[in-house]
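In what comes next, subunit A is part of two complexes: it sits with subunit B in the first one and with subunit C in the second one.
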Partner chain A sequence: MNIDEIIEGISRKDSRSISRAISIFEDELLADKAEELIRKLYPKTGKAHVIGITGPPGVGKSTMIGRVSGFMAEEGRKPGVLAIDASSPYSRGAFLGNRVRMQESLGEKGIYMRSLTNRGFKGGLSLSALGACKVLDAAGFDPIIVETVGSGQADLDIMSVAHTVAVILAPGLGDEIQAIKAGMMEIGDLFIVNKIDREGAFIAMKEIQDTLALGPQDKWVKPVLGLNSLTGEGFQEFIAELDRHWEYVNTRGDGKARLQGEVALIMESIFRKSLERLMSDEGGAMETLRRVYSREIDPYMAAELLMEYGIHDPARSTRLK
Partner chain B sequence: MNIDEIIEGISRKDSRSISRAISIFEDELLADKAEELIRKLYPKTGKAHVIGITGPPGVGKSTMIGRVSGFMAEEGRKPGVLAIDASSPYSRGAFLGNRVRMQESLGEKGIYMRSLTNRGFKGGLSLSALGACKVLDAAGFDPIIVETVGSGQADLDIMSVAHTVAVILAPGLGDEIQAIKAGMMEIGDLFIVNKIDREGAFIAMKEIQDTLALGPQDKWVKPVLGLNSLTGEGFQEFIAELDRHWEYVNTRGDGKARLQGEVALIMESIFRKSLERLMSDEGGAMETLRRVYSREIDPYMAAELLMEYGIHDPARSTRLK
Partner chain C sequence: MQGGKYLADGKSQSLFRDKPIKVLLAKPGIDGHDRGMFVLARAFRDAGMDVLYAGLLPTPEDVVNTAVNEDVDVVALSLLNGAHLTVFKKVMDLMKERGIDDISVVGGGTIPDHDRPKLEKMGITGNYGPGTPLKVIIDHITERAAEARQKKNRI
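Right, the complex of A and B next:
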């Protein structure tokens, strides 16, 4: 299948084409194809609500996402789920079993579910997630639910592809949770305490509300909701809040502002590619670094000299002319 | 104090000048001064062994660093300690009390200790840490111990300023630790299990060794050590392994390769500054984003158009001519 065939398949909602397209974003060696795919798909996109769901391990994200996408499918929506694995090569595979089971049970309800990983360079996974969202958007899925496992900066970065971010926590995760959840307070639009039947759940909700009150106050007051993935309690309210936030994003007239993140992500990927190229350059880079090492020049001068070589891909610049 | 006075003070090991210099790196508004400081200090640096110490909350990093720097001071070395706070504005201050107590007790032994934070943009903290290391290096501190609290990508990124990275863990941190420590396996040169007297400590050491065996094998075989910060058990071996790794870094003839990270960090900071400028540009950026929003152009085209404006600071480019 070439890119045009894949794009034609995506328009028909052909699952083989969709899977093939998403796989392209997992392989750093196919970066040029990935770019071509995003560029060609772009005019067909822009309809889907992208919902990011993040939270530390052990809070029950996968089960919750299974339930919420199930309820949405029952309402006649066409949810697609992307589960992003930002874990290191050392722990890769740990979540796989769980994912396979989830994929099977969602597939029966007509919900598309796919895991996404990236063996490439730092920051590459955000771009892969962005690309996979464009594929599902062009295929007519709406909403697109993007789940990140884990709790690092990489997970938070990936959330920049979402219109709405729901942070999920659970009672009784211990003291470590204080540090882990730090970066999550900024990025969350909604906060969920899962396993609401457990001891400490209402205290956890109260703690989140208190922490939010310390932060900057926006026109959007961040709701804190309780869920029980076993009984389904709280899910209708959760879906209503997701819709209300999507409405909010679309009506406050700054949909364009959300694009800043998208374009910045792509600029970063172009920059990182150039950086890798410059740093691996046996000619200029090594000679420049030798001059820094001998203290002949300082590292700012080195950075400037290397950037003069061109942060653009030379092949790319000509395309603009 | 102007920059030249500060630099003169640093050479005299004047603690007021050192503190003032490090504060410059904490304030994003002083980015130009920070650059000037790094450039002017650079010729006076390159002697100190920079040791990064990282690990999840609750493993006893601060106490361990207090002990190891104390032992080093007794041997006649001049350790400096930088404790980096990558936490969000929501949790800021949580670690402060602990830090103030640590600063007082180390100060009595002639050990310089300083906390470092950064209220600025993403990625800024790594550059601040780099700058603060240059200040301590120029002031004659050796080794420089850089501690990060927390466990996110930001913490791992900061470790790129270190020559040797020690990852510290403790027994009994629960399942979450599996996910948290993922990124740490790659960056660690040494692994420490603290609280070696606790139940499960030897199992934890064995688990780390098993996990390391799954990763790429290098000429440097990563040691796994046990420590007891209360009794001092294991500290002489820890210091010997730190020295052995520094020897290894210096003799394998690729000291220059370590500079790649340093220069790349500075290039990233220049890039991010340009990105912020381009994205906040009410003229070009907004018009370009509007064209993406209306699907007239795709985001790659937008990225290229914006980068044509110049990823360099125009004021900066002329300096090279």
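Right, the complex of A and C next:
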């Protein structure tokens, strides 16, 4: 398949073409192809509601996404799912376990779902996940549901690209809710307490509401919902709230802020990757670092030199006096 | 930089530009003996691969759909119930029907010696039995993944 065949396939919602396109964004060796692909795809994008789902491990994100995408498909919508897993920092391998949890509803309802890994460093994840979003958008999937690990900066990044962010928690997290307050309470537009049949669910919901009440007040009042992924309880309300937020986003017209965020995210990813390469053992910054080690220059000076000359041409910074 | 960015052998992850090998482990058919699959999943992950498991009791259709949607390089099929000649064949037939030539298929489980040539003829290689060293399996997957990747990247 060449790029034009892939693009033609995407417009037909052909799953092989969609899958190949996403892989191209995952493989840095195909960066030229990825560039061509996004240039040709971008005009076809911009219609889908991107929903980010985040929360601590074990609260039931994948199972819930399997359920909610199933209900949406029954209503005649065309949901697409992206799930991000962490890869091992030691072997760079990953076990992509999300899919198993949603397999049943995916198979029955013909929902497209794709697993991505963070590849051990932030830049890679953000770029390939962003590319995957564009592919699904161009293929006509709506909404696009993105599941993240629920920890780490890369998650927050990809959330900044979502129109609606739902934070999922479960009863019994206890003090974890306290810890989550700082980061996730700000990025969430909706809050879910999953496993609502468990003891302590209502207390968890109340705690979240209390915390939100102390936060900045917006026109959008952040709803706190209870879900049970086994029985399907609460899902109709959840879908209604997602729609209501999508409507709110469209009337508020914050397109500019999102574009700023998106372009900044791409730039940051590119910059971070070249920084990581520069600072690795094979990266070319070693000579400058040796000068710091021998106390010839200070670390701040080294950073300045590398910043100015090293990011594009690491060899040059070593020549500077 | 921070320790987490280095692999066990001290190589920085950011220097890897290629996409890791992606493998789907599946036991299509009525066979719930998945302990071996978990051992393989762990071994493949530790060998630097992205590993998917199809879950319990997937149909051949599920397996092919997952393989396509996830764009895996290799589908690794396993059965311990003796149905490999029918079920593995069904997977191969479905792939042929959909014109998929860029995903390699390997097999394993309790497969009698005299069945191996039949599976090979279908295009299913490996067909390793109990006691096979993990390294043999990993090397075989790596080889078949390279074949698949070469076909995929003809763009």
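The criterion applied here is as follows: the second predicted complex is superposed on the first by the 260 of 321 C-alpha atoms of A that agree within 3 Å, B and C clash if a C-alpha of one lies under 4 Å from a C-alpha of the other, contacts with A are read in each partner's own complex, and residues count from 1 in each chain.
In the analysis below, contacts are C-beta pairs under 8 Å (C-beta built on N, C-alpha and C of every residue); 3 or more make two chains touch, one makes a residue touch a chain.
In this text, all values refer to a predicted model and were calculated from it rather than measured experimentally.
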Contacts of A:308 with subunit B and subunit C, given as first, second, both or neither: first
Contacts of A:230 with subunit B and subunit C, given as first, second, both or neither: neither
Subunit C versus subunit B, contacts on subunit A by residue: B
First (subunit B), second (subunit C), both or neither touched by A:203: neither
Touched partner set for A:240, first subunit B, second subunit C, both or neither: neither
Partner chain(s) touched by A:215 [first = subunit B, second = subunit C, both, neither]: first
First, second, both or neither for A:279, with subunit B first and subunit C second: both
First, second, both or neither for A:186, with subunit B first and subunit C second: first
Subunit B versus subunit C as contact partner of A:16, first or second or both or neither: second
Interface residues of subunit A shared between complexes with subunit B and subunit C: 87-91, 94, 279
Subunit C contact footprint on subunit A (complex, rising order): 1-3, 6, 15-16, 18-20, 22-24, 26-30, 33, 87-97, 99-100, 103, 107, 112-115, 117, 119-121, 123, 273, 276-277, 279-283
Subunit A-touching residues of subunit B, taken from the complex the two chains share: 35, 38-39, 42-43, 46, 56-58, 87-91, 94, 149-154, 156-157, 173-176, 178-180, 182-183, 185-186, 211, 214-215, 255-256, 259-260, 262-264, 266-268, 270-271, 275, 278-279, 285-286, 288-290, 292-293, 295, 298-308, 311-312, 316-317, 319-320
Subunit A partner contacts - residues on subunit C that touch it in the complex: 1, 3-8, 10-20, 41-42, 44-55, 58-59, 61-62, 65-66, 68-71, 98, 100, 152-153, 155
